[in-house]
Every structure is written in structure tokens, then in C-alpha cells.
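Read through the structure below, which is laid out as C-alpha cells, and then see the notes.
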Amino acid sequence: MAPVVVYLRTMAVFALVWWAAALLTGNPMLLPDPLRVARAVVDVAVDGELLAHAAISVVRLTASLAIAAAVTVPLGLAMGTSRTLERVVDPIVEILRPISGIAWIPLALFIFGVGHGLPIFIMAYTAAFPLLLGTIAGAKNVDRRLVDAARVMGLDRAAIMRRVVIPAALPSLLVSLRLGVASGWTAVIAAELVGAPNGLGYAISWYREMLVTPKVIAFIAMVGVSGYLYDLALRRLNDWLTPWAVDTGARL
Amino acid sequence: MTIEISNVTKWFALPDGSEAQALADTSFSVADGEFVVIVGPSGCGKTTILNMMAGLIMPTAGAITIDGRPIDGPGIDRGVMFQDYALFPWRSVEGNVGFALEHGPAGAAMDEAARARRITATIALVGLKGSEHKYPHQLSGGMRQRVAFARLLAYGPKVLLMDEPLAALDAQTRTILQEELLRVWGQALPAAERRTVVFITHAIDEAVFLADRIIVMGNGPGHVRDIVAVDLPRPRGDATRVDPRFQELVQKIWSQIKNEAYRAATA
Amino acid sequence: MGGLLIPLALPAVLVASWQALGEAFGGVRMPLPSRVVVEGVALFASGELPSAMLQSLGRVFSGFLIAAVLAIPLGILMGTVRVVERNLDPLVESFRPVAAIALLPMAILWLGTGTPAAVMLVAYAAFFPILVNTIAGAKSVDRNLVNAAATMGLAPRAILRNVILPGAVPQIAVGLRVGLGIAWTAIVAAELAVGAKSGGGGSGGIGQMMFVFYAYSIELSRIVVCMAAVGVVSLTLDWLVRRGTRRLLKWKAT
């Protein structure tokens, strides 16, 4: 049976169970039935809110990923190839890593206030660690023999970095990018729930305060859909950039 | 326990949708207490036939019966020694040997003490006394093979199906274990007390050393080329290997397989 | 001595600069390393920090336990019986990308701003990593081991319990580690968000304490103390899981 059919069948069963639960609780504010939620989805889709907030969150995520990557990829490559640099920087990394991006929110609120800066800082910070560690591991795992072969062929350090290390580390880097996205996406929503004037997290919180539960659920679903699509896009990017890498089916 | 393989054909579905024929109209029988060895080049369906006797896969056409009853699944009357031993890595030697007794129907009628005695005796029988508490990753290839064998002996299936059990060992260990295998099987015992063994190997000298009868199989698709009776006296040992009759039999079988093996090696 | 010098160099430099620049340019609320230490001791001694940490930890362990009890059997089943996996997978894959924190407003709606909502969120967050890894673990069990058990006469349920489950343990352990880490992050996030929304009241726990310090305290060094506590707990939990599962994994070849 085709996957699509199985998907629809399972979701149909789920919708039925949901409906039954909604009927039992009898409180549309607490648990609206699927139809109400579907209508809410249509409402916020049609008036553009759904896409607008999603776009904002996605743009924030992308911006922070770019920032995180701009800092961590060069740093990671350098740390992966220079033992001294790694020994110097690693302690700071190990001290900061257990402190989740979320825990930075109060301090960051103090520094940035409410606005665009806060979510981007939190997300960039959160994504930075998986990205950094993945890049270091990728650089370290570059087969020594490839590097030696390049040196024998007369390439200098910069060329080796560009032609050997980076392509070899790329698969690992892209996998850690996906990991960074997963935790970064969570950080988006959290940061927006607390201190942003727009975005999916904000919308969820706003509609809950307004007690329009169907729309809350609509935006929650959008969080899931957007997250899934973003990961899908990254997987396509992964395949396109590194066709030689085997997909281990790594899931997060 | 007599096993009857009658006109068995097996087709496998390939990932791309097409089908490959592993076996074509294969027939032979295995008598009670017999040590039968199947030899043949790679791809002749040896493992497939063994797995069917074990009840792990079903023939596409034809029938396999044991004592007249068709085989419809795995059972404790047919024990299997897999190519890579399939030892449970999280259990010690003792834990592996006792697995069937602890968790399967074979040990249901035994109490704890009886089980423990059986386990200890079997471990001693295969020469692993002292290693009861070791884990598979701490054992050498030869030791793992003994554990796998002990695991079968502990619950005592009437039929032993062995898929190239000695293939991963070095030549010296292999030679030693061939004799060990015959000893434990009971080559010194009267025929009536021996278990039925179906053994797969690539090595022709191994086949001739161990077998009562050899089923020589061929490729394209798998089929029985010849059945050779090994009339060397038991018990067998080092003397057997220098017996001229031994070499005769090896050459006879090799000449049958040679062309196919050559083709496979240069394909 | 030299071996210790390099690792400590950068942190020492950063801390020193922070102290110096903070004293020179920061306002009266500026957190400083010196004040962080002082406040840290005070908060510990007064019992505020330990009790907040215990409250958060209690929620984490409850939620984590619920998640594990649900995810491991389901994961074993899904990893072994293809039909179950195929039919449940759409549900799992649809909910997995929904970060637990997005459900916080719903959780509050249903269960209020206290511990039950927090536990529910933690359980939801930890559920998916444990499930996904358990499925992978069950699938990774060598088919021959299952076959061997079948030839020894074991019924399917016995095979699940005595072959698949033990074989999946290494991967389950990975799932538990990841899940616990995510659970801890989730609780801090949830407490923070609730604290922010309810103006500092209600939820308790370290996340809320952090927000309260931000909103109501002049002494922001306290926030940094909380952050350090979050980091220390995170490391400790990870260490605990690794120690705990190490004994279970002694059969693995190093």
C-alpha cells in the first residue's frame, strides 16, 4: 500500500479519536474538534497570518543559522586541524555547552530587550554548538591519507583546507546542520513565546491569551509542518551538495 | 529423524522487482544419525536449503519433510549453527549455552538445579571449562564456535544444521575443531546414538573428513550434481587424511566443482 | 602545571576581561564574576537555589520516567513489527517536529501553570528521542539472533523480551541520554515561559526563578548563578545516565 494512503489512513483514525475526545470533554475552548481547527487553519491561512508568522520564524532561523555557521564553521575547521587551538578553545566550549540557549533568555533580555535581536541570538547560540562540534569532528575525521596525498601533490595549507578538508568534512557538517536546526527551531519558538513581537511562537501565545484555542492549535501544527519542511529542504541540500555521502538514515 | 527434500525449487524476489532462482528441482534425503555434508561453489543454494530445513524460509515448490511431516517453521527438533555463530553478545558463555533451557520449551520440564548441571556438563564437553563467565567479545573465534555448538547440545535437538561453522577460523584451529566436532557428535558411539547432522562447507577436504555422504551441488540455478558416499572408516583422525582413498574422494569431488569454481573466481 | 595552563588560559582571560570591563562600563545591574560568586554562595546557603533546582529536577524525572515507560515498549514493538511501524509512523513523524515548548500554552490551558503541565511537557519532549532510538535499536538487532531464538523454540513474545530488548539496549541508552538532556532544556524553557507570562508567579523551579531575578531583582548576577546551575545540572544528569547505562553495557566490545 502506498505510503501516502497509509499516511492518510492513520491521520484519519487520529482525527476520529480526536473528535471523540473533543465530544467527551465538551469544551471547545479546552479541546476544539477537528472541524473547528480546520476552519481556524483556513482562516489564518487566508488572511495571510499563518504564512506571515511562519515566514518570520523561518527567516529568523535561517539568519541565526547563517550567523552561527559563519562563526562556528571556520572556528571548527581551525580547531579540527590545529590541536593547540582546540586545547585552548575547548574548555570554553565545554563550559558553555551545558547551558542551553533557553537559559540565556533572561540575560539576553537584559542585553537586547524585546525585539528581533533576542530570538536570533538565542537561536544562533543554540545552533552553534551542534554545528561546531560536528565541524570539528568532520575535520578530524578527514582521512589522513587524503591530506598526505594532497601534500605530496604540492598543495599548500590553504589549498588543502579548501580542496580536501572542507569537502571531506562536508557530510558531517551537513548532518550537524540538521541537528542544529532541530534544536534551533525549538529555540525559535521558545524565544518567540517569551520575547518577540511576531513569529509562530508569538502567535501561539497571543491566541492562547485571547482564548482562541482553534487558532492556537493551527499555529502549533504550523510549527510542526514548517519544521518538517525545513528539515526536508536541508536533506535535499545535503543530497545535492554531497552526492557521494551515504545516507545513514540518521534521525534526530 | 529422516529428512526428505523432494523436488524443491526456490525463487527469491529481488529489490528491483525481478526474481532470482536459488534452487531448481533439488532432491535428496538424510537418514537418521547420518552426517551429511553439502559442498558446492558460492551461489549454489547451500544456505538456502539449510534455512529451509530449519524452517526459516519456505520452498516455492516442492516439499521438505521430517519423519514424514512437512516442515512449516523452526522447531526445537532442528538446531542451527549459523555462519557467524549468532551468540547473544549480552550474555556470558553460560548464559548463551543455557539460553534455550531458560527461555524456551526445552527446559520447561527441568528445575533450576538440573538446568545448571546440564549447562556445566555441556560446557565441559566442548572444552570450555573455566570460561563460563566470559562474554563473546572476549573469546577467540574457535571458542565462540564451541559456545555456539554447546548451545545446541545443551537442549539437544535431534538434527543439527550447521552453516559453514568453521569457515572463519584459521587452518590449524579448523583442523582441530573438525576432530572435536566428530568427537562430540559421537563418532566413537554406535550409529544409533548419534544425532543427524547436515553440514555445509566450501572446503572439500573438510567435507570428506567429516561426512558419511556428500551432496555435491552446482550453480545456475542451484541443483544436486552428485551424491558421494564416503566409505572411510570411523573413528576418523590424522590417519584418515593420509589415506589414499581420502585423496581420491577429494579429487573426484573437486573435478566436478572445479569449472564452476574457476568461473566464479574469475568472474 | 603546564598541562593545566593551556586549558585554563582562555576562560581565565575572558573572566578577567568581563570583570574589568563590567566594572568600568556596566551599570549598577551589570553582572560581574565577583558578584556572581557572592550571590551564588548566598543563594545556596539560603536554600533558595537548591529548592528551586530540586523542584525542576523532580519534574524532569517524573516526565522522563513517563516518557521512557511509554516510548521503550512502543519503540520495541514498532522496531520489530513492520505493520505497526508503518501505521504509527505518520503520527510520530507529524508530531516530532512540533517542539514541546510550542505546546506549552495548550498544556497550561489544560493543566494550569503548575507541575502537571510541566511534567506533561517534559514527557512529550523526552518521548521522541527515546522512541526513535529504541526503534533504531530494535531494528539493529542481528536477524540471526532472532532466528537462533526461533529455532530454540521461543515464542514471539519471548523473543521480544529476551532478544530484541537486550539487543536494543545500547541504542536505547543513547535515546535516554538525549532524552534526558532535552527534558532538562524543556523544563527550564517551560518554567521560564510560564514565569514570563504570569508575571513571575506560579510555576516555581529554576526557570521561573531566573525570570523573577530578571524582572524584579537589581542584582542580575543572580541570573548568571542560575545559568551556571543549569549548566552544572545538565552535565551531572548526562554523567549519571552514562554511569547508569555503563553497567548495562559491559558486554559491548570496547
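Every chain is named by a letter (A, B and C) in the order it is written, and numbering of its residues begins at 1.
Here, a residue touches a chain if its C-beta (ideal position, glycine included) is under 8 Å from a C-beta of that chain, and two chains touch if they have at least 3 such contacts.
These numbers come from a predicted model, not from an experiment.
The touch graph of the protein chains shown is a line. A count of C-beta contacts for the chain pairs A-C and B-C puts A-C on top.
Remark: subunit A and subunit B have CA centroids separated by 53 Å (rounded to whole angstrom). In whole angstrom, the spacing between the mean C-alpha positions of subunit A and subunit C is 18. Centroids built from CA atoms put subunit C at 50 Å from subunit B.
Annotation for subunit C: no residues touch two or more other chains.
Against subunit A, in their complex, subunit C makes its touches with residues 6-11, 14, 29, 31, 86-91, 93-106, 108-110, 129, 132, 136, 184-185, 188-189, 192-193, 196-197, 207, 210-211, 213-214, 220, 223-224, 226-228, 230-232, 234-235, 238. Touching subunit B in their complex are the following residues of subunit C: 142, 144-145, 147-154, 158, 162-163, 166-167, 169, 250-253.
Those residues of subunit B whose C-beta lies close enough to touch subunit C in the complex are 54-56, 73-76, 78-80, 82, 84, 86, 88-91, 99-100, 103-106, 135-137, 155, 157.
Remark: subunit A residues 6-7, 9-11, 14, 29-31, 84, 87-92, 95-96, 98-100, 102-107, 109-110, 185-186, 189-190, 193-195, 200-201, 204-205, 207-209, 213, 216-217, 219-221, 223-228, 231, 251-252 touch subunit C in the complex.
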